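There are two complexes below, and they share subunit A, which is joined by subunit B in the first and by subunit C in the second.
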Partner chain A sequence: MAEKTQMPRILRRIEILSPILIILGIFLLIVNGGSGIGGFYRAWTFGWVFWMSITFGCFGMMLICYMVRARWCRPLISQFEAGSSTMLFMGITAIPFAIAAYTHHLYPWAHPTVVAKDQILQYRSIWFNPNWFLIRTFMEFTIFSTMVFLLIRSSKIIEITRSTQEASQRSFNAAICFVFSILLITVAVTDLIMSLDRHWYSTIYGFIFTITAGLSSMGLCVAIALQMRLDGDAPYDTLVDKLMTRDWGNLLLVFTMVWAYFNLCQYIIQWSGNLPEEVSYYVARNAGLLAFVTVFFVIIRFFIPFLLLISSRLKRVPRMLRNTALLIFFAQILDQAWNIIPMFHSWSGPGSGLRAQLQSFPGYFGSLFLIGGIWTFLFIRSMKQNALVPNEDPQILEALNHAHS
Partner chain B sequence: MADTLIPSNNNHTVDPAVAGLIEGDQTYETVSERLASIVLRQDRHGLPWWLLILIGFGGVNVLGMVVVKLLFTGVGIFGNNMPVSWGWPIINFVWWIGIGHAGTLISAFLLLMRQGWRASINRLAEAMTIFAVSCAGIFPALHTGRPWVDYWLFPYPNILAMWPQWRSPLLWDVFAVTVYALVSILFWFVGLIPDLATLRDRAENQYAKLVYGIACLGWRGSAEHWQRYENASIMLAGLATPLVVSVESIIALDFTIGIVPGWHATIFPPYFFAGALYAGFSMVIMLAIPLRKWYHLEDYITPKHIDWCAKLMLVTGLVVLYGYIMECCYAYLSGDRYEISMMHYRQFGPYWAAYWLLILFSCVLPQMLWIPKIRHNNAALYFLAIMVSIGMWLEKFIVVVVSLTHDYLPSSWGYFTNTFWDVAMYAGTIGQFILLFFLFVRFLPVINISEVREIVLRTSRPFRRNHASSTNSDSVTEPAGITSEPVE
Partner chain C sequence: MSSLYGIVAEFTTAEDLLYAAEAAREAGYRKMDAYSPFPVHGISEVLDFDDARLPWLVFIMGAAGCATGFVLQVWTAVFNYPWNIGGKPLFSWPDFIPIAYESTILFAAFTAGLGMLLLNGLPRFYHPIFNTPRFERATSDLFFLCIEVRDAKFDREETAHFLHTHGAHIVSEVEK
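Showing the complex of A and B:
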């Protein structure tokens, strides 16, 4: 069985931070009360989608680690597992979306007067209607939570029994889960995010969300692992060497490039297509002050991480790589803000004007902090319950063997 | 604990990163002899080689006949006509280019990722790339209608003031494919240099010695040569990998930039890229399985190579499947009557058989690759690879033809029928590919000798044996680079 070590400093700090975030989040949501129930739903959507992306990302990375048996996974896998274990919580916190669908808030397809005037929404009502939406969302999170539960249980069994057979089975199961997860994430993203916009759709959106989630969760977990290494916490002080930081840096670089590739594809095709239902997505994000935000967003999200990560020196210096990973993680907030907030303008629902948006800003941070506080609390709790790194997993040991040879 | 994970029948440690990548009791000498002899000894080329050369030669003649007919008559010999002005030529172009891309990916991307298993298949994959690109290039070049003025596509200073349309993705194609072909040839040739030197050293025929001697550019295998070789390989791999992505994405943009129902989908670039790799991996399997059998290369192209190629085929196939699902679901969900109509037309219109065969060949049957027994059964795998190849051709057919016959206005709808010349030209390029590939097998090493020797080094057994016995002639006759090769 894996030996239990003292909890690293960074995790203790995050543990202390959790209740502060929760209190601050509640306070900001109360302050946001002036923007009405619509403002609450919008704020909740923003915070929830951000943390959902981290959860999905952790889950996807956990599956990849189970499948590829790579050396770089070892210091990160327990964090990915801890992040994935918040899946049930994320499912519970999705309840406001179901309520919003019935109370005609948030989604244009849920608002009868909007639907009555819109032929496309009328046609889509076969798929987008409150009952079917509720059933799908419930099923998605039930399936995700079950997959997380079974896979993490399998990992615990492997840590105890060192069973190669169980490890092989877990690899196979992870591959199956990965395939279904991508499909389920696409359905979830279409339902919960894309349908916030009245007409816009993009077939690559599921991929974009998936890579965004993977990138930001990788950024978070790499930053934590490197901080533990910098603090000299065992076993990270010996585990994380230059070869590993190089691998992490390369992975972050590849994810950043893939993120840019997917987004560029979407942008080129929709902008050049110039179809009203498509180009509106970019028109909304290039209007007024948002145009500056867009430029800033592209710089923060792509150019800076790309230029930093292309340097091999940076990938050898833990402190620099940690800062870059943190930048990638925090850029996700801007990414989701850029992606989601303009969608609220796409239909003239109650309180969706720009003024209402500005009034809702405390709420955006409030939900981000509140959900984040609970998320980090659950994350740390899970980290405390398990070994920081797997010590008996035969597949991980095999990967180490590869690397040493 | 770790030792139990490494299959080993002796007391020596086998590098797990290369375990299973080479079989039998191998030394540098056996590797060099068995791989170089395919080139240096005519008797190693039996009936299958002659038969395929004959088929290939016949195909090239057919191609020549089509080209002559085309030059004298014009593109009207093809089934292309309004509304399908892009017919088989573009379908075949995209199909061949896709096959080429997997070769680059296997070679360049796996080199960047330090994947040792590329050694046995990278050479044939690279050759496949070049020959596939040469087949692909024929179609757009002839499809212009006046191929003798194809040079107008390039922005050369001219007195006609004919400047290319920079906003056209077709022009992007010219640059993308040209650069891609050049980098692929360069990458292939650089990788060949140490092996050409081996052939030079082992050839008994004076002419062969001279030709290989010139081709290997004075390679001596010094540490300096190896260092430059490694640097050049890495740099070219770094160039080739983004090129693969960009070329295939540009080909996807050829379609998506046009606002034709069924084309204008943002998923196209990654899904075209995955589709290209899918077709390419199937072609690698289709080439590797018979080659290893006919030339007794089972020790070098092992079941592990075949298994990994099959796994990659499965992965890329799943991405393609995702693309189909997205295309279909979003078309129906969009509420856009033209997209809905197009998807319905694909599935239930006059081309329904092509669509459902595509789904069967590219999506349903390859799911059998989840089963290890299927992946380890060469006959089954070969069958699946053929099915995937056909499926990927059908995919291009569906994308090109079906969308063009059923766009916005019913007045512009039509029905496409191919002609004998369409089929003949396609068959001709298949013949050209076969001819070029088996000429390559005859005159150049089909497996990367120097990299396989590196695997021999890493499997440790021969490494120790060579050190234990200074009488081994291989250490003397082989290029000096063997002793100075870096070991990871």
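Showing the complex of A and C:
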């Protein structure tokens, strides 16, 4: 039987936090009203991309869990499923991007005056035009939401029937979805995020986003699971042992290293190439005060988690691993801010100047809180509807028996 | 008694080995070692293997390798043989990262390999554990648990009986 227990304390706290975040978010977006509709779109982009990365990350991790059916997945799978189930919501909240494309906001390729003076944007207009952008975005989220729906439905069937055949079929489907999703995420990220920059491009950007998303969502879910273990909530109090925390720590370490590897690849290739369209990304992030932010960002995003996670002792202590996982999750806010906000400077659209940017800051937090409040509400609702730890997969149970025998 | 090295139990599965090792630890045995054809998840925790010397050695040598690779490139590119490449500054540190990374791996990997041999006291031409019947199969399909004589709780008959009752396929006394 699935282990249905009273909702753990940390989930109850997050549930209480959700409406507070929503109210605070609305308030900050109203305060941000002075920066105009352009300011709203910029703010919305920041908050949306952050939570989208968590949703994508949960989705990717859910697919990995379905494929490998490993012991370390078991306490996390319900969280990954809950995070993935926000996909439809993220699709709905992507509507402002489609509107911005028609109202000539946000994207330089959507602004006729900018395009008229820019040969590169004219060349790209075959791909980047409002109609085609709308169709693609709609298709992307329809496909993602359908994949999430079908896979979670398959899990529920397995939960009821305990069918080994269905579990194997789900593994096969997850493998196909995984490969396809990586490609589709690259298209979605190129459309929705990379095209915010006027000329910059990078073919590894989709992979960077994918690994960033996986790392951050893993950080969030590991932190929640470890908090449940620390609070003594059943079944996490017995399920999460030293072997489990070591596996999670190793996974976080691997993701951190892959994150550094992908980012360094992009940096060294573009730095060596020294082409104006490519280096503009790094030039913008190494000018003035942003240079200090960049150094701080690299330290907090890579060096601190890396040095902490290579310690096997830390990975055995739930409290220390939880703090590291939380650092990884919150560093994602800085990651996305560093990534997205300078993109608004890349073209002289309305409200893209530095003053307007600074005025927009309450809005950035506003959208982060508003979307985050709804996201966490949906996340908790999904967690409440399902077992905290599913016993559904016969092969996971076999792996557990192997480990505990 | 003095010529006895320990009592070795043979198991046919990794699960049996892990179960017996856990039971032995709970029973109070401490001086024991396990031999298996592949890494068994959880066995090092059960055996309380917590030697941090090798990880520290690898970390220090990795950091030394990184510094060596970086300094070598700075010295050659900036001082020893300055050469203008693509108009970039002589001290172009991003270019030095791949080699610094490679030398980190080189130093760390060699330290891991050689350090492992050194700390294990290898090469060693004789070890009593090889007197165990069928021990050559520890590298193919059998699993062994050895409780050594120097364990405070060791008792020839009791220990052998304990291993017999905890899933051992064959229990052998192994001479030094």
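Here, the second predicted complex is superposed on the first by the 399 of 405 C-alpha atoms of A that agree within 3 Å, B and C clash if a C-alpha of one lies under 4 Å from a C-alpha of the other, contacts with A are read in each partner's own complex, and residues count from 1 in each chain.
Assume a residue touches a chain if its C-beta (ideal position, glycine included) is under 8 Å from a C-beta of that chain, and two chains touch if they have at least 3 such contacts.
Worth saying up front: this structure is predicted, and the values here are computed from it rather than measured.
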item	value
Subunit A as common anchor, with subunit B and subunit C clashing or fitting	clash
When both partners are placed on the shared chain, which of subunit B and subunit C touches more of subunit A	B
Which superposed partner A:242 touches (first subunit B, second subunit C, both, neither)	second
Partner chain(s) touched by A:204 [first = subunit B, second = subunit C, both, neither]	first
Partner chain(s) touched by A:186 [first = subunit B, second = subunit C, both, neither]	first
Touched partner set for A:271, first subunit B, second subunit C, both or neither	second
Which of subunit B and subunit C A:92 touches, first, second, both or neither	neither
Touching partner for A:162 - first (subunit B), second (subunit C), both, neither	first
Touching both subunit B and subunit C, residues of subunit A	268, 272, 402, 405
Residue ranges of subunit C touching subunit A (in the complex, touch as defined)	15, 18-19, 41-42, 45, 52, 55, 59, 86, 88, 94-95, 97-98
Residues on subunit B engaged by subunit A in the complex (per definition of touch)	1-2, 5-6, 13, 15-17, 245, 249, 253, 256-257, 259, 264-270, 318, 322-323, 325-327, 330, 333-336
Touching residues (chain side subunit A, partner subunit C) in the complex	242-243, 264, 267-268, 271-272, 274, 310, 312-313, 402-403, 405
Partner subunit B, residues of subunit A touching it in the complex	119-121, 123-124, 127, 162, 164, 179, 182-183, 186, 190, 199, 201-207, 261-262, 265-266, 268-270, 272-273, 275, 277, 392, 394, 397-398, 400-402, 405
